[in-house]
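Structure incoming, see below.
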C-alpha cells in the first residue's frame, strides 16, 4: 500500500500485475522495441516529462507532452523516420514501487527510477533520475497507463532527449 | 586570468568566409571571451521582467560564467549585481529564485539591499570595543559589483560595460521591431528546462543563426511545410552583424521541385502524423509568419514556431560545454484552448523537440571532429562573403555576421 | 612542470587586506604552490605515530599532490619517502596501510627496505650472463626520494626541503604549547572519514583560520553557547603568520545583547535539543576551554570541540578540488562512558557535523562565485591589517597571517 | 532467507512487510518528509553511518551516530532550523534484500543501496553506495528499525552529508 | 593550438636511460605530440582490410585524437580521410561501421564519394536564382582531408604526412617478417573490446615494449611456462628504434633456479589450474614460439600468446587517458575446435586477461605516482644504454628504442 | 511472465526462487565471497561476458569465457593467487527480472543490472550496465545457472575487469 497513508488496501495480485506493467515498460524501451511502447497506454492517455522543480511550481509544460496514444505513436515514428541522433540506448532501474487504490478500476502508482544512457561510442552516463507518477487502469488484463507523469529530479538534460524516459 | 599570457587563435585572413576550428577548443581564447565579450560592451539577456512581479522578488541568472542576481527593489525598479559577496566572495543567493527584503551572506552575515548596496557588516564595531572594522573601512566602498540593466518588451538585459550603447540602439530598429512583433502583451511562463550542450557556446549560436541547415537537418520543417527554403522568407541582420532574424511565411503552393532535385534525406513526402494536433496552429500575429527565429549577440534567442514561443539564454560553461536555459512562454490572456495548443506545439522545440532535437547534438559533432586537427578552418561561402540582410535564406550571412561582431570585440 | 612558463597571479599591493580571487582558480599558481609550498620549506602532517605501532607497519599519506609512504623501520624509527618506484615510477604501496618487511614494486620487482633504500633489483646480473644492469649502475643512487621526518606529541610531519627549520621552531612556542595542551597522552583512533571539498585548498584553510565566521555561519555554536564571539577567548598567531590557534572559554553569563543587536540568523533563542547528550561534555583538560582550533601551515588542523578531538589533513587535488582527511581521536585510557561521549559529540564535526557541515560547502560557494570575474579581490579588514595575536576573535588576523606566510614562500 | 546460510526460514508475509518498511524509509527521505523519518525507528534505537573500511576495521565512530529516536528528531530539526546547505534531494534505489530470522520478534536484514544526490542547480551525482545492515522489530505492525547501520562502500563523502542516507 | 606558445618538457641529457616524468603529464607536450607524431611522418594502424570486404563498406577509426573514416571505394581500393565535413566541420559518420554509396553530412547535406571528394552541395545554385555558392566556389577545393593509406598483411595503416617513407620500409625487414609470420592467411574477427586506460598513451606503449616486466608482473607467464626470461627468446628492434618484437620459445627444461634465487612473487610452483583448457595450445606456426608481441610506432600492437591472436590500437584521449581498441582474431579456415581453443585462450588477454590484466592498471600507477613531483626522471639502464636487437630479454632496449624514435620526431 | 510474449506461465514460487538465485549471485560478489560464486553454476555451464554490440553482431568472443565450473574456480584462484589489482569492490543493483519457461526443468531469465565499482581509494564509478541472459536449472533446489551471458551495454571497460560482473 502507499507509504504515506494506509488508504484502501491493494491486494498482492494487483501489486504483481502493476509491477509487471512497469517491467514491460522498461523492457520495450531498453530493448529498443519502441513500437510496443504506445501499446502500454490507454487510447486516451496522458504522458508528460517534467522536472521536480516545474512539477512543484505547477508549470504545465513538459519536454514531451502527449494526450493520446496516437501522439505516442507519432513520437516513435519521428524517432524512426525523421529525427537524427546518434545510436544510443537506455538502461532503467526501477523501485521501490508504491501502489494505492484510486477507484474500483484504477490505482495510483509511484516508483523511483534511474536511467543510464549508453552511446554507441560506449560512453555511459547517469542520464536521469526521478519518480514515475502513474494512474493505471486495472479493469482488465493487461493493465494500461491512463497517465504517466515522469518527474525528473534535475531540470538539466544532457545534449538531447530522444528516446522517451 | 591575466591578459598578459593569453595567445588568442590567429585568423587566416580578414575574410569572414574562413573560420579556424581552434576557436572552439582553445583555452586562452575562451578566457579572453569572458573579458572582451561577456564582460565587454555587450547586452546579455538576464530574465523576463514578468518573472519578478513584486518588489523583493529576486532570481539568479548569469552573464558568461559569472553568476548574477536580478532583484526588484522596493521602489519597483530592477537591479542586477554579481552573486558574490564583496567581503570574501561567497555566493549570496543559493536558490534560483526567491523573495527577500535584503540579501544576507551566509558566511559572515554581511547584508545588502536589493540595489546591491552594503547595509550591514556583522560586528562592524567589534565586541566590547574590541576588534571590528578599522576607521578607514567605508561600507560605500564595498557594494556589490553592479551591472547596467535595461528592459525591452519585458526582456531584461544587463551589461558590465559602461561603453555599451543603449540597449535599443544596440539592438537596432529592425531587430527591435521583430521583438515587438512577438512580445505584444504580458507573457506567462509555461515551463522551463535547461539543456547541457556538449560544445563551445559559439557553435550553438552559429547553429541558430544558420538558416542554411534548417530545412536540411530538420525533417519536420520540410515535411509539414512549416518552413522550407522554397517558402517566402528573409534574413535580417543588424549593422553590427551580431543580431539576426530569420523568418518564413506559410506558402502551400511553394514549388517543391527544388527539393526533389536535391533528393534530400529530409524530404519524405509520404510521412504523416497520426495525431496532427502537434502542428495545428492559429495565425496569432496575423501576418502568416509560421516561423521567426531571432538572436541578440552574444547569447539570446527569441523563437516563434507556429504558436510555440520561447526565449533561450546561452551560457558558456567551459571551452567545450554550454548551458542553454529554455523558458517556454504563453500570454497572460491565453484561454485554456490556446494554452493546450502551445503545450502540444512545445513538442516541436526543446531538448526533445521534433524540430530542434538535432541542434542539441550537432554542436557536439563539430566539437568532437575538431580534436587533433585544430589548425584547419571551416567555410562560410553560402550566399557570398558579406553579412547583410537578404531576401532569401540559402545563405550563411547571419553566421558571417556573428563573426564580424565577434572579431570587432576580440580585436582580431 | 617548468617554472619558466609559469605566470603567478599578481597582488594589488603589499597589504594583506586585499586577496585577488584569481589565486583560487589559476592553474599556474596551483603548479607553483606544489613546488614552493608543499615541496618547499614547510612541514606537512603525515599521520599519527600511533597509527604505526610496530616495526614493519606502513601507511600511505600525501604531501600536496605527491603520494608519500610512512613506515616504521625495524629499529623502530619512522621514515617517509615518496610512494613511487625509483625505476620507472610505479606506485609502490597500493593499500592505505599495511605491514611488511620490505617494499616490493609490482612492476619489475625492485625492492626497498623500510628506509626507502634500494635492496633488490630483479635480474640485476641478467640471466645466464646476458642482460642485467651495466657496471655503472649503483643501487645507492636509486633509493626512494626521502622526506625529512619529525614527530611532535605523536603527530608525524614530513618535509621535502632541507631548508625548513626544525619542526618545533617551525611551530613556535605558542603553537607547540597548544598542541601539548590537547595531546597529553596516548591517543586511540575512533574513526576516519574523507571529505572531498569542491574548492581550492586555500579556501578551506582560510575558513578554519577565520574566527569571524564561526558564530555566524554555525548556529550550534551560538545557541548552545559552545562558542560565541562574546565569550572569552583569543587568537594566537605565530611569528611567521602561518599557524594559529583560536579558543573560547565557557561563559554562561556572557552578555548576549551584542547578538540581539545583530539579529543574526544564527541566534535563535528558542531552539533546543530533544536529546542533549550530543553536547553533554566534561572539562577534561581542566581549563574550561570548550573549543580550541589550531592550524599548522600549510595543511594541518587539530580540533577540540568539547570532548570531540580530531586531526584533519588537507590535500590539494586540483585547482578547484581538495581532500580533507579526518581522523577522530580518543585517548587510550578512555573508559566506555568517555568513548560513548566522544562518539556522540562527533555528531558536531565532520562532513555531517552540526557545527562543521557548512564549512564543507562554503569554500565551494566562493569557488563558484569567482568564475568569470577572477580579476576582483576579497577584503580582509576585520580587526585591522596586521597578523598578530589578539585577545578577541572579531578579527581576520589569522587569515591575514596565512597570506603573510603564503606570500613569503611564493615570493609575491 | 539469507543468502549465506539457510538459517531459520522467514515467511513471505514477513518479507513483504520488511520490504514495505524499507520502501517507506526511501519514501520519507526522497520526498523530503524528514519529520516522518525518526518514526520508522524504535524509541530506543541505533543509527550509524560508517564506511566499509571502518566497519571492517571495527572502528566505532560514524559520521552520524544516534542511539535514540530523540537524536534522530534533533537531526531533522537541525536540518530544518540550524544548518545551512544548498537545496538538494536524494533518489534511492534499494535491493536485493536479504532477510534472516534473529529472534521471535526480530529479523536481520541486509540490502544494497545506491543514493543519487541532485542539487537545486540540477547537477546530479552518484553520492553513495553500500549496504543497509538492519535489525527490525517485527513484533507488531508497523515494523520498526531497532538498528540501522549504513555501511558506505567509499570512505569519501562529497562536500557534505546533510540529509541522512 | 599554436606551436608558438608550447614549451615541451626538457630532457636531462641525450642519453636514453633517463626519462623525465613530466612527459606523462605536461599538456603542451601532449599537444605537440598530436602535431609531430600522430599527424607527423608516422604510420598509424587504422583497421583490418577484412573488416571492409565489400565496396561501400566503411568504418570509423582514429589517428591520435583525430577521427578518421576508412572506406572501400567502388573500384575496390581503400581510402582514408578525416571524419569531419569540409564545410563547418561536423562529424560525418555517426556509427562505428556501415555501408554506403556516398557519405552525406547531416548538418547541411554536403555529400562526398568514398574517396572523400566533395560531390554534392545542397542548394549550391541557391533557390530560384537566389543565394547559393558564389562563382569562386570550387568543389575540388573542398574535399575531405585525406590520409595516405597502405596495407600490409591485411593490416591497414594511414599517414597524414607525405614525408613518411613507404610503409614496408617504415616497418623494416625484420618487423615485416614477424608480421608475416603470424598473419599468414585470411583472418576472421572473433570479438572486439575497448579498454580505457587511466594513463598517458606512452606509458602503455612502454609497457608493451618492456620485456623486463613480463615474467615478473604476470604470474601466468612463469607458472605455466608460457614465457619466462630463462626461456629462449629474443628482442628485435628496427633501426629507428620505434618498432619491436619480443618472443619466447617453449622450453620445459629451462633452468628455473634463476627464479628461485629471485624468490619472485610471481614464481609459485604450487599453483595449478583445475581446467587447463585455457592454456592447451597447438603449435600452429610450427616454430615452437609460444609468445610473440610486436609493436609498430606509435600505437599498434600485434600479439600472439599461444593460439590467442589479437591486434590492439592505442589512441590518446588526453594527457592522462588512452583508449585501447582490441580486435580478437582467428583465421577464416579455423574449424570449430580451433575457434573454441582461441576463445578459451582469449581468457589470457584483454581487460580481464590472466596475463594482461595488470597492464591495464600499471600505467595508471605511474600516472598517479608522478603527480606533484614531475621534475624527477625514471631509469632505463637494464641491458645497457642502446636500443639494439638482443638475444636476451632482461633488457629495456625496446623501451629505449621507443624514446629514440620519439625524440627524433619531437626534435628533443 | 516474459514481457515479449505470454509464453508458458511460470508460477510465483519459481519466480521467487529465481529471484533468490539472482540475489545470492549479487551477495557472493559484493561481499567478496568469490569462492562461493562458482557453486551457483551447474558443473557443465557457460559463463560469458560480452557487449551488446558484439552480442548483436554474433561475435563469439567474451572478455571472460568459461564452459565449466572448474574454469570459474580457476578464475577465482587466479584473482586470489596470481593477479595483481588494487583492492576494489562492486555494488550490484538488479531488476526488473523477466522469467520465461523454457523446458520442464529450465527457465530463461533476463534481468537489468548496474554495477558500481568502488576502489580502496574511495573513488567510485558507474562501472557497467546491461542485461543478464540466463538459463536456469530449476529441477532441484537450490537453482543453478546452466548459462549466464552478461551483455554489457558499453563495449568500453575502464582500466581492467578483475572481479566477474
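Lettered A, B, C, D, E and F in written order, each chain numbered from 1.
Criterion: a contact is a pair of C-beta atoms (placed from the backbone, for glycine too) under 8 Å apart; a residue touches a chain by one contact, two chains touch by 3 or more.
Values in this document were obtained by computation on a predicted structure and should not be read as measured data.
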Given chain E and chain F, the chains that contact each of them: A, C
Each chain counted as touching chain A and chain D at once: B, F
Chain whose mean Cα position lies farthest from chain A: C
Numbering shared by both copies at the chain E-chain B contact, with half separating same from different: different
Chain centre separation in whole Å, for chain F relative to chain B (CA means): 48
Inter-centroid spacing, chain C versus chain B (mean Cα positions, whole Å): 44
Whole-Å gap between the CA centroids of chain A and chain B: 32
Multi-partner residues of chain B (at least 2 other chains): 94, 96, 106, 194, 217, 358
Set of chain A residues in contact with two or more other chains: 53, 84, 86, 93, 95, 114, 120-122, 126, 155-156
Touch-based graph of the chains, sorted into line, ring, star, complete or other: other
Pairs of chains in contact (touch as defined earlier), listed by label: A-B, A-D, A-E, A-F, B-C, B-D, B-E, C-D, C-E, C-F, D-F, E-F
Residues of chain D touching chain A in the complex: 16, 19-20, 22-24, 26-28, 30, 33, 89, 91-95, 114, 116, 118, 120, 122-126
Chain E contact footprint on chain B (complex, rising order): 7, 9-10, 21-22, 26, 28, 206, 212-213, 216-217, 229-230, 258, 262, 264-266, 358, 362, 365-366, 368-376, 378-385, 390-395
Complex contact set, residues of chain F against chain A: 1, 3-4, 12, 52-53, 93, 95-98, 112, 114, 126, 129-131, 153-156
Residue ranges of chain D in contact with chain B within the complex: 84, 86-87, 120-122
Residue ranges of chain B touching chain D (in the complex, touch as defined): 94-96, 106, 194
